[in-house]
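Each structure below is given as structure tokens.
Okay, so chain A shows up in both of these, paired with chain B first and chain C after.
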Partner chain A sequence: MNTATFSLATLAPAIPEIVLLALACTLLLVDLFLAERDRHVTYWLGIVALLGVAVLAALTIGRPTAVTFQGMFVSDMMSQVLKVALLASVAITLLYSREYLEARGLLAGEFVSLSLFASLGMLVMVSANHFLTLYLGLELLALSLYALVALQRDSVVSTEAAMKYFVLGALASGMLLYGLSMLYGATGSLELNRVALALSHSQANPTLAAFGLVFVVAGLAFKLGAVPFHMWVPDVYQGAYTPATLLIGAAPKIAAFAFVMRLLAHGLGGLAADWSVMLAILAAASLAVGNLLAIAQTNLKRMLAYSTISHMGFLLLGILSGSDNGYSSAMFYVITYALMTLASFGMILLLSRAGFEAENLEDFRGLNKRSKWFAFVMLVVMFSLAGIPPAVGFLAKLAVLQAALEAGWTWLVVFAVLMSVIGAFYYLRVVKLMYMDEPVGGEPPVAGRADMRVVLSANALAVLLLGIVPAPLMDLCARAITASL
Partner chain B sequence: MNLPLIAFYAFAAILLFAALRVITARNPVHAALWLVLAFFTAAATWLLLYAEFLAITLVLVYVGAVMVLFLFVVMMLDINFDKLREGFWGHVPLAAIVGALMAFEMVLVVGSREFGGDSVASPGAPPPGHSNTKELGRLIYTDYVFPFELAAVVLLVAIVAAIALTLRQRKESRYQDPTEQLAATRAGRLKIVKMAAEREPPATPPEAGA
Partner chain C sequence: MTGMTISLAIWVPIAFGVAVLAVGNDRNPALGRWTALAGSILGFLACVPLWTGFDLKSAGMQFEEMAPWIARFNVNYHLGVDGISMPLILLNSFMTILVVVAHWEVITEKVSQYLAAFLVMSGLINGTFAALDAILFYVFFEAMLIPMFLIIGVWGGPNRVYAAVKFFLYTLLGSLLMLAAFIYLYWQTNGSFEILDYHKVPLGITAQVLVFLAMFMSFAVKVPMWPVHTWLPDAHVEAPTGGSVILAAITLKIGGYGFLRFNMPIAPDASHALSGFMIALSLVAVVYIGLVALAQSDMKKLIAYSSISHMGFVTLGFFLFNGDGVLGGLIQMVSHGFISAAMFLCVGVLYDRMHSRQISDYGGVANTMPVFAAFFVLFAMANSGLPATSGFIGEFMVVMGAIKVNFWYAFLAGTTLVFGAAYTLWMVKRVLYGEVANEHVAALKDVGRRELVFLVLLAVCVLALGVYPKPLADVMNPTIQQLLAHIAESKLQ
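After this line comes the complex of A and B, so read on.
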């Protein structure tokens, strides 16, 4: 192996990561010297840092694929687009969380700095080209998230959620690592390109590779929250305080998509015949369990957790198609899903006040009487999650289903359509509660700071607008996938 | 039988015995000491594999630091280990079966074509003058610098998380604040009260027995 050399040119593809790390460390130090009442400075600096890095990442979109750090890091169009999406999503999460955190005395510097470190982990995952970097990025993200959930130390429910998340996450990491070590044994390399090469030239021991694959898929399913590895999702979503739930629910899904793409579609593309069947089983189970159990929920956060499970089923549907079309529609799906998640949890955060969590379905009863506009915002989001046109969720689902149909998964597509029809019930129930029922406990007007109201409205409008004009984002995803694989 | 092979079997025997004693010793201090021996012997077997850096690190970090710390903790805590161990022998039959099965499975895998000793060629003895430490250092700081830095960030997050989760400003904890001490003025500490040198006796003496 030739000796590595470092120059600015070799570091250039990783500039967003390097800048984010530097900013996160600076923020840690700045926060130390701030008085308790100046906490909002840390908070705004965090948002500025995320948006700044998002701009840096956006500037790289369209650059040719660059591999650096001895093949450990790749900057291709898929990673460039996803980085912008996930950084923006974390920034919006922070923006939505401010009032909630302030009211509960949780707006500590650690929340912001841990969010930045989690974002760094996601950036690394998205750009990883090596088993080691994939795993380290994942652990960086997961560790930050465990700590974020546990930050609300005085709440028993939160602590329990953090405990479950930590234990099951560690188990998943263990499975993933075990699978990766088997794959290393089978292919003799940790670098994704070489693994793919060894598999395509059938130099790898097929039994061992398939054995490793099973563990890798199980680990990935844990991280995605696909059935039967979904146990942690409802408890963590419900137990964690809402900003932490949002942080878990939105951006990490984008990173997880990239993770699955890198690992399965790129590195283990030679085993596509094996993993597509495994993913099909996971997808079918997720669709069934997610949609059916969501009906029985009265807690909105728990309902959205089950809805996440079913949406992960749809995401897997796109990936298991194994075609460029399937990958790009899955990418479109995950980006729009993050957008919808931001808006739905944003609504919960908006309606929550000091000492009151608007997390039950009852709390949305008669929202139309309290605020016509925000009832409409929630309506758009629920329509989108259910997959009703013209909101974007419909097109995202359609694209994924088409790709799966092309790949010959007819039974799965029929099943998915059936399940999403059942699933529409619980989304529409929220709409019914908002518009046709009387509010309980008086009619307090919807409060919330101006910045949050504006961004939340823009977020919902984006969900609607993308449904009417989906072409630019769809083209971007298609170009990203063809340029990257 | 050459010397390295004899040494290997000797080390392996000691290692196995020490490991067994770790879990069977009644006295926790003895168990910790047996663990020190196990680590030390494992380091010796690594030396046989020309992995001198790993061997030295194992001795320095685990034997030198971790186990000493552990011994301190064990000596400080007053735990009745006999009580914890109650019912141990009841589980032995099941544990033995599970252990034997696992060992059998491992032998199956290790002995099979996937992991057989002949499936991967032995790297052989390194050339003279080869430094394991230097090679590891070169790899970590050049080819693997990116994962290395990432691991550093993971540790940083662990520190931040540990502090954020455990540091509490307790109301009852007393500590000195030098800034406040320096800012103390005379007015804040000392109150001068003007009063007459002599006090007038009460005008009307209280009635006795009132």
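After this line comes the complex of A and C, so read on.
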């Protein structure tokens, strides 16, 4: 009976999205009228827009769950918290990227507005309550990112990376869409609540639903970069220019987590027995491949790409537990992971100069001689990624491991633990290079703008402090999950 | 203030470590050095109330502190000491002072980072000994790896990077398995990470054996027990003197401490079932590693192997399950802390002058460094277990404990008195006595005032503990008796 009952009040839950859309469009127009030398205005407007919407989203945290647009869109606590996290992470990405982009003449309006549209896509994904909105958000994000990677037109590697990203991403979208259509056939609905209902009352054709699930999980695994659907990750991470890599590597992981939660935990919760086994296999393969192949890398961005794959394995470990405990652990994991990714790529951006990419492991050689503080920043991040206390990476891993153990995945937990030892090796190598080797011939001291240095330092300190005082964020994640599912 | 005593012992050194980094300046390291010295002394003073205020009649935890840390997983900032952990905390804080004193003219590069690493590590080690919450313990236990990794890797010898990475990965593998055991116990106790709750939780024999082995992997690497000892000679040889001192005197003890705090009380039936295995490994360490030590040509390596052999005594004593054995093992831990530190510092004194650790480069040092030679001989005697030195007490008690269980255990353990004397004294003979070997030795200067400070301090400790160990035994005994009573009860249902 909800036909044509449109009023302004029904828009209220979607205010952050609406405002961001309006600002992104305005930005496009403003950029049109700016002279080439005033490009930084667009850039700062973009950051202000992101932070403003983040504040707007933060103000909604704690509001009761609201569904709108005929059940297509939901604003619940999980989406509210994740929105703040991902908007902040895009804003920080922009902040870190400025010098790099300026030096390469990429700081054009396109970069900023595409980032804003990507953020909008992520917001929609996070709040989607319907197969169509999920897909809409996903595609808005993906298309913006393809374009972003391709932005560096004169670079062959970047273009190749964009091409790969686009072809494989389109394939994944196709699979996902195909799976969703099967699920529609099986359950007769596109709305997640009704799908869940149909599955729980066993009104769905189980064979068809299971088939659909396989395609959906494959599509999700593509987007997350889980093995065996990970082939694009190393190439794109390495090939794209670093700010684009960071844009792909941090915030979209948060959105992808929400995507998996909406689709699997909420919509297809009735098939948990099926998908948890699939996720377990994906997780085990990701942990093995990610950690083992990272050892062989000499390019830091590529190494971090493999490290991402292994971290997605850990994330899946939390999700496949299928309990509130597991979901909130995974949520904590993904937020802290985004924080660590920001800091690690932030370091690469900091060390890069005009005409010089600090993306090889060798470029970190003897960093301690060049800047004690930023060597320490990188040390904290590396140990956090390796899961060594007191940095937050340890607690994040602990949380997902205990959730998986609770759910009875003992072999997977032991496997994950063994793989982290292997993983520790390549993070240690970075620390070794920074502290135990001499810098290669007359390296200059670390430069970088003051704003970036401050934010990067704060970022690393947050990684450390969240490990010492994790309770507020953990509780927030736990509350968000209980209030949302 | 008593409510904060342990916290102070942990956080004072760490705070000073951060302060040293902040004031540190590589061109003018004096300020950093004095700050570090002040920090280490204050850190030690912060521990003194633990000794003076210790209740000798109580076997339980004292100076307990408790605050929620991560409420969602029921993880608490829970600290406390008993007769086992308190002496080790004191030992650690004491050693930190020596390390700071010992570095003075030796380390000239990145001084503030070096000192900060030691101070931070000192606090973390105190935390490891005092933690009563498994996750808190794990955090301290693992965080300790970071400064140690840097100490070995940055200030070590030529092959330092290999040694540092080996040390790190060996320890990490062990401790992650222990973490898995903690999480398992968390679910067995219905959501508690309290170590003392783990002591009480009933477990089937299979579970006990698995938990025992997981923790064994962690602590055996630390001790280190044969055959997972291979990281130690590498790490010791490459570490700077201070690193070797802390490694040998303190971090090895964490392994022994772990067996007493975790393995034995949490899995008593498995401990009994596997005691033959543990004793066998310990005896292999005592006898075989003793022989290996005999064959070394590098002084530091020799002392490293001697450490493994002596730590074999410790684990042997623990798994005899009688009062003599456990007390002997514990006293051996403290005594070995002093003696190994002294031996490494002595080698450090020689190394600073000659830049060689090879025994063959020395000879007749006693002629040019008589004062040093006197101390070196004293510590060597202690290392070989001469009565009236601290080395004798622990070894003798362990042998006493062993003879009650099985004559052959005692016999094999007793061989160390021969091997230990052989390798230590043979080294002393080749280094100190005989003709002056070359012009480098002839040019040696005897120990300075700074070096005298730590040599005298250690000599006093070694002799005092050797002549009158009663105060230490009084502190340890109630806790040991309670522990033995606890282990004697089966946890099977």
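Definition applied: the second predicted complex is superposed on the first by the 483 of 485 C-alpha atoms of A that agree within 3 Å, B and C clash if a C-alpha of one lies under 4 Å from a C-alpha of the other, contacts with A are read in each partner's own complex, and residues count from 1 in each chain.
In the analysis below, contacts are C-beta pairs under 8 Å (C-beta built on N, C-alpha and C of every residue); 3 or more make two chains touch, one makes a residue touch a chain.
Just so it is clear, the structure is predicted and the values come from calculations on it, not from any experiment.
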Could you tell me if A:G137 is touching chain B, chain C, both of them or neither one (first, second, both, neither)? first
Could you look at A:L395 and tell me whether it touches chain B, chain C, both or neither (first, second, both, neither)? second
Looking at the overlay, does A:N299 come into contact with chain B only (first), chain C only (second), both, or neither? neither
Name the contact category of A:K372: first (chain B only), second (chain C only), both, or neither. second
Touched partner set for A:F425, first chain B, second chain C, both or neither: second
Touching A:E110 in the superposition: chain B (first), chain C (second), both, neither? first
Footprint overlap on chain A, comparing chain B with chain C: none
Residues of chain C touching chain A in their complex? 21, 68-73, 110, 113, 135, 138-139, 142-143, 145-146, 149-150, 153-154, 160-161, 164-165, 168-169, 172-173, 176-177, 179-180, 183-184, 186-187
Across the complex, what residues on chain A touch chain B? 1, 3-4, 6, 14, 21, 25, 28, 69-70, 72-73, 108, 110, 113-114, 117, 120, 124, 130, 132-133, 136-137, 139-140, 143-144, 146-147, 150-151, 153, 185, 205, 207-208
Going by the contact rule set out above, which residues of chain B touch chain A in the complex? 113-115, 138, 142-147, 150-151, 153-154, 156-158, 160-161, 164-165
Provide the residue numbers of chain A that touch chain C in the complex, in ascending order. 368, 372, 379, 383, 388-390, 394-395, 398-399, 401-402, 405-406, 413-414, 417-418, 420-421, 424-425, 428, 431-432, 435-436, 470-471, 474-475, 478
